[in-house]
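Shared between the two complexes below is subunit A, which has subunit B as its partner in the first and subunit C in the second.
And now, the complex of A and B:
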């Protein structure tokens, strides 16, 4: 999946993770492989916005407003981050809105 | 990854966040292990609703790692409801179970709910030895079947082998079995006194000579040279350091809602039925007393050459009568590893030699039954 296509995509948090905010930063563990991620504030914002209904582009726009960064830069960074987390099964990516899945699904 | 984990621990320590909690949801059990420290009767367990309320509070307090244990967790018919709730709150959950009751359905649930790992105690690869310890006929067979079902579903399983006189000779056998099953193996040479203070089960623990041998078996401990290295000089980091995570980034909650610094440190600090968890964690005088203790506050241990490398457990010391004192079991481990006596051993030896000694003495009058008790198991 190319980076260029990601901005039009929807992202959602996988249910196969553990997550908690510690000292203002989000700690996430993939329960599949016990890999641990520490997200900075911007990455935490993306993570929290990953509701399956909002596109990555919209999320990047919010980042621009909140952190006063240039839109192209925000989107590029967000895309790279999403790709990395998707590779570990921590974020789900789709070109359709992703229904929030419960643990019973 | 371990570096990030260490960093996380450090941050939690500085911020006073209880990063990990062990929550025993029941003391009831289908096994009756000879070395178990629990009273298996139900004296009024928290209901599932109460547990869920506590889980909400733990998430709010910043708890990330949550270990469900017992007793046998699956003795609770509502266990999966509790586990599901915990996972909705995004805890990283580890489950300790004897796996006897894990069939297809339970294995599927554990997989679906995304537990990080399942820890199972296996005492021998031979049914006659394992089942004699659990006192439940057929338990090895059933537990191994449970492990296989979990492994087939890619659930991480860790076998824990508690070493006792009864099963010591089978340690390498259990290790080979773990390898064959494709799961992790860890050993635990520590027997914990019973929660009611009865220390008689400590007699089941392995002898000093055997402990020495265990620490010199590379298959069991890895780098023998490192494990058995003489203690490094005690420096300020050891004297200013805290003994362990108990009460600092970790605590324990019993099935009755009692909060302790650790499962092996039964100092009552409060009860979640009467107070909010964070109130106990932050303001309990006992929790704060535990937190205030540093290496240099320990009368005997601060003068011990082992202090920097010793696994001294303040909970075991507490159960021996003084949370500031040495823990004899850890002194034994330090001695077995290095051959160098601990400060505690030296003091006891000095105390045993009176100024004028009679040639003939009666000694050890209180412990004449040790061999008979051990062999009666």
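And now, the complex of A and C:
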């Protein structure tokens, strides 16, 4: 999947996780398989912005502003991160905005 | 007039009916949760009484959970199961189903009664009791953890670690003023004060917590540890006592005894590896996750590098 394609997508946090910030680190556990994920600051920013209404490209732009990262690099890193979490069912990905009701399902 | 049987086994009862099975009963109480275990085998009841020692308590007249044990020679005859299969725990409507190659158990959540079908050895019921207590604790803000634990100066200390990191060695080296709770599976639950502090702390509250020294005592020690009969290589049960939890140490072998600080996130990551939890159930997994994160924000969790000698206890005060 290419960057241009993925960046047009919307991402949302799955409801099948337990997540909490602890000592400045975001900790996420998949309640399906008890797999634990620790997010760094940039990844936490993506996670918190994954509201189903914001595109990945918009989120990457926010990262560029916040962390002084080159836009292409920010998008590539965000893409890799999203693909990884989506593979474990922790993030939902869609080419349409993801409604709150879908998140509850 | 009491029968000789009742006099020689004060914690046991025996019904005289010839038509009912499960004649022999004894109460095994762990973490102040009594479970009345019934079996039709006098010999097996004796075996349990010997194995669980001071965790066999006086029968309670009411509000007691109950587990009936039925023996089969081969589970395949009854359930057609693979006898080598690993443990599985699933939550069905209103009940837990626990299966392993050598047993099958069901526990009804409404009545708090269950039945266990197993071969006639003590290992199956030992596993079932561990799993049941891990499930009870998951619902009440506690957990079982692969750890030795002990009480010193009125406080409990828990030593979590994988096999070979020194849990049993540490227990063996304990000085006389230390009461051992277990060398294998530790029982951690919220105190009544800790339970009263629910709902769980908010994220903001967690982030602001760096230790417990500035907290009121009731919040600073919201967890307690109980002794368990679950033994490792020490091969004897712990003391059936409890104490407020002082610290949890993550054991690591090393050249010299020392204590190292850990961040809360690292403490949670490490502790989650050692918590016993078997159920494939989303709500229970969520609950255990929150409990462990609460725990590391309330209780000091540090790494204990252990050189395998008794001087390590000089650090545990």
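Methods note: the second predicted complex is superposed on the first by the 96 of 105 C-alpha atoms of A that agree within 3 Å, B and C clash if a C-alpha of one lies under 4 Å from a C-alpha of the other, contacts with A are read in each partner's own complex, and residues count from 1 in each chain.
Please note the rule applied: a residue touches a chain if its C-beta (ideal position, glycine included) is under 8 Å from a C-beta of that chain, and two chains touch if they have at least 3 such contacts.
Computed from a predicted structure; not experimentally measured.
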{"item": "Room on subunit A for both subunit B and subunit C (clash or fit)", "value": "clash"}
{"item": "First, second, both or neither for A:31, with subunit B first and subunit C second", "value": "both"}
{"item": "Which of subunit B and subunit C A:95 touches, first, second, both or neither", "value": "neither"}
{"item": "Which of subunit B and subunit C A:84 touches, first, second, both or neither", "value": "neither"}
{"item": "Touched partner set for A:21, first subunit B, second subunit C, both or neither", "value": "both"}
{"item": "Which superposed partner A:66 touches (first subunit B, second subunit C, both, neither)", "value": "neither"}
{"item": "Clashing subunit B stretch [against subunit C; choices 21-29, 75-83 or 345-353]", "value": "21-29"}
{"item": "Interface residues of subunit A shared between complexes with subunit B and subunit C", "value": "16, 18, 20-23, 27, 29, 31-32, 34, 36, 38"}
{"item": "Subunit C - residues contacting subunit A, complex", "value": "203, 206-207, 263-265, 268-269, 272, 277, 282-283, 285-286, 289-290, 293, 296-297"}
{"item": "Residue ranges of subunit B touching subunit A (in the complex, touch as defined)", "value": "1, 4-5, 7-8, 11-12, 15, 17, 19, 59, 62-64, 84, 87-88, 90-93, 112-117, 154, 156"}
{"item": "Subunit B partner contacts - residues on subunit A that touch it in the complex", "value": "15-23, 27, 29, 31-32, 34-36, 38, 103-104"}
{"item": "In the complex with subunit C, residue positions of subunit A that touch it", "value": "16, 18, 20-25, 27, 29, 31-32, 34, 36, 38"}
